[in-house]
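Both complexes shown next keep chain A, but they swap its partner, so chain B is in the first and chain C is in the second.
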Partner chain A sequence: MNFELLTYPVVVAQFFVDGLGRGVMYGLMGMGLALIFGIMGLINFAHGAFFMVGTYLMYFVAVQLGVPFPIAIIAAAVGLFCIGAVLERTLISPLRKRMGENWLVDGYVMTIGLLIMLENLALIVMGPRDHGIARLVEGRTMISGIIVTYERVVVFVVAILVVLGLAAFMRYTNIGRAIRATSEHPDAAMAMGIDIRKIYTITFALGSALIGGVGGLLLSTYPAFPTIGSDVLLKSFIVVIVGGLGNVWAAMVAGILLGLIESYAQGIAASGWQNSIIAAVVVAVLVFRPAGLFSKSVSRP
Partner chain B sequence: MPDVVLQIEDLQKSFGGLRAVDHVSFDVEGGQLLGLIGPNGAGKTTIFNMISGIYRTDAGRILFDQTDITNHHPTQIAKLGVARTFQVPRTFNHMTVEENLMVPVVRLRLTDAEASNRVAATLNAIGLYDMRHRNASELSGGERQLLQFARAMMTQPKLMILDEPFAGASPAIIDVIIERTHDMAKSGVACLVISHDVVSLPKVCEHVIVLTEGSVLTQGRIEDVREDARVIEAYLGT
Partner chain C sequence: MTNTQPCLVVEDLRSGYERDVAVIKDVSMQAARGSVTGLIGANGAGKSSFLKSVLGYLKPQSGKVSFEGEEITGFRPDVSCSLGIAYLMEGHSVFPSLSVEENLLLGMWPWRHDRNRVRAALERAYDRAPVLMERRQTTSGLLSGGQQRILELERLYMTDPSLILLDEPSLGLAPKLAAETFERVESFSKEGIAVVLIDQNVRRVLEISDYAYVFQLGEVILEGTGTSLSKDVGNIVKEFI
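Let's look at the complex of A and B:
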């Protein structure tokens, strides 16, 4: 451990900036998972695989077709929205109808199956080789001795836009209100004439679009590879557990918190220690705040 | 003669070995205020849950506005014009009072102006307008009853089914619910009410159906039913 580094304000600030950059990435990763769990109660184990599909979509649209990066990221999100909607309608919705109230355990198993299927499909089609880009945005700047890459700035700005956009969608649109109502009392929502099957499809598609878009956004950090989603799934679970199950906004805050812890841990300890420290944080949260840092109980957005 | 809005024909429902609803039949006409009473476990809420599509029936038919809605999805039934409240108020507590009323707007296909006018009118009618920006979680139990009643009013239904609408409500709130229920009936809405409140129910309904152990024991004017020895026995035992 090299605590002496923390006596240099520039180093402390650099760790902070790096941690913030990482943290918003983790927060973005967790948001889709939290959204689907919060509304549907479903833990989507295929979340990481959707990220992987998002990275491949971004690669094809941006690199193969030569479409500008911002449009390619949107294409990845839209692609995953469509894939999510089709999967929900063809696999999850029939399962829910057939199994009634007991559908969730089967739903978990189904998403594990989806994860295995998508990863192996990617392996067959794309092979065991990275497909990535060097940089989303070139260049960096130095502010008072602190290095800030433009790419991190872009990710940070996108994260803020996503959080604000999702908040506005949930709060001010009729569908957003219907989603929130369904998450709290599905039977009361149905009694209002809300088609909760449609709401679940939209929610699953939206959660998929979020992680797909994040896959596109982070292609330079996480190049497209069949199993690239495993790490993302793990990080997303950590974020969701620490923030509070099903709480989309807490996922972003928890992501930032974890990014900062990881950055400082990596800075003052030997490489690899950050994982042990993060694991210790997760265990501590599960022991002392089992519902998550920002939830009194299992709360929903 | 007013049109029959709801026809219940020989309805049956069992849970395992328990016959919760046993060959129940009755009609509700447009503008009628009909009470459904009986001791705990008589099958009242089970009937409501079958009408609103939450439970599937074992046998029998439910006709709403001449349409067979037996075992239809709750969403379809609500879209046809059936609104309900729940015994334990199911308000959306993470939303404001105003947002609670906005929930059905997505399927009512109202413009923003129409929606906000209807929300304001409904909130004014039940006296919650000043609380419109408060979270539903901050309301008292009685105010939540009022809120879910208002939410049902928002959909402008043809049939309103109210499950214990007076439970936990103050006398002032009960008066509001009674007045608004009468207003709805005057405009042709059929209302079916479950209540254990022997003081308030007669202010809403002149006619009641008495259920016991899943079957219709008797029906008629509330004053007559009260004197029926079988009803007294069903409530108090022998």
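Let's look at the complex of A and C:
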């Protein structure tokens, strides 16, 4: 461990900026997973595979078709929205109907099946070669000795826009209110006349769109590859567990926390320590705050 | 029965939580506009399951449910509610992290695109229950139990329903609030709404009911006008409740 580095303010600040950029990425990754769990109670193991599909969509639209990056990212999100809606309607919704209250375990198995299927499909169709882009945005700047890439700035701004947009959607739209109501009391929501099947489809599609768009946004960091989603799934799980299952905003904060820890650990410790430190943080959270750092309850729901 | 035009007609309804096990066994009943119909019975007699079967939370195995002359047997609850049936389920049913106003707006879900109608319904709810107006931005989970019940009752009324099904509206309320709740229930029927009422306070239910059904083990074992059953309430409670 090289703690001496922490005596240099510029180095500390550089670690902070790097960690913030990285953490925002992790937060974005976890938000879709948290949204689907928070509303439907379903842990979507295909979350990483949806990210992978998002990276391929971005690559296809941006590189093969030559569409500008911002539009390609939106296309990736829209594509995953449609895929998520179709999968929920054709696979998950019938399962929920057949199994009643006991559908969740079967739902987990189904999403694991989806993960395996999508990864193998990508391998067959796209082959074992990665497809990426060098940069989303070229260039960087230096502020008081701290290097900031424009790409990180873009990711950060997008993250803020996504968080604010999702908050506004949930707060001010009829569908957003219905999603919140359904997550709290599905039977009472039905008594209001809300078709909760539609709400679940919209929620799953929205969670899928979030991770698909993030796949597009992060194509330069995570090039399209059949198993690229494995690391994303792991990171998403970590931020969701640390933040508190089902809490979308907590996932973002936990992502930033994770990014900062990772950045400082990488800076001062030898290679290999950073994953151990992250794992230790997760274990500590599970022991002392099993419901997550930002959950109001102490025990897991 | 004092009423003439049945709003809800249930014929030989049979339903249960498992395919071959009936919890509700061939129950028939009617409820008319402008009347209160009481359902009484011991815990586990099947009253709440009956309401759930009428609304579609439980899929009927056989029998027929008609609302305003149209068959609605097996309709999903959201569809039944959109047709003009309002339902207060047992226990609290407010959405606790949503504000009072958001809860009320959800009560108008089937008409959410008709802004004028939503605004008018909201204003009427605030006129009837000024406490909701005062606390309209408050997270409803922070309201007292009584205020939550007021919110639930006003939310029911938002859609101008023809039929209101109430499952234990006075449960857990202080006596004064319970009395106010029963007054509100009576006011619904005076406004021409058909009310079906389940409550633990059997005497009060029979007092305000035009007609009542006594449930035991998923069957109706006794029925009559509220007045006639009230005269024998001691025996009914002793024998069936």
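Here, the second predicted complex is superposed on the first by the 297 of 301 C-alpha atoms of A that agree within 3 Å, B and C clash if a C-alpha of one lies under 4 Å from a C-alpha of the other, contacts with A are read in each partner's own complex, and residues count from 1 in each chain.
The rule is short, and it goes like this: contacts are C-beta pairs under 8 Å (C-beta built on N, C-alpha and C of every residue); 3 or more make two chains touch, one makes a residue touch a chain.
It should be emphasised that the depicted structure is a prediction, and the values quoted were computed from it without experimental measurement.
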Determine, for the superposed arrangement built on chain A, whether chain B and chain C clash or fit. clash
Touch test for A:Leu260: chain B only (first), chain C only (second), both, or neither? neither
Should A:Ala167 be classified as contacting the first partner (chain B), the second (chain C), both, or neither? neither
Looking at A:Ala269 after the superposition, I want to know if it touches chain B, chain C, both of them or none. Which is it: first, second, both, neither? neither
Between chain B and chain C, whom does A:Ala181 touch in the aligned arrangement: first, second, both, or neither? both
A:Gly193 contacts which: chain B (first), chain C (second), both, neither? both
Which parts of chain A are in contact with chain B and also with chain C? 174, 177-178, 180-181, 184-185, 187-196
Sort out for me which residues of chain B touch chain A in the complex. 52-54, 73-75, 78-79, 83-84, 86, 90-95, 99-100, 102-108, 148, 151-152, 155
Contact set on chain A toward chain C in their complex: 174, 177-178, 180-181, 184-185, 187-196
List of chain A residues in touch with chain B within their complex: 174-175, 177-178, 180-181, 184-185, 187-197, 300-301
Where on chain C does chain A make contact in their complex? 55, 57, 76-78, 81-82, 86-87, 89, 93-98, 102, 105-107, 109-110, 112, 155, 159
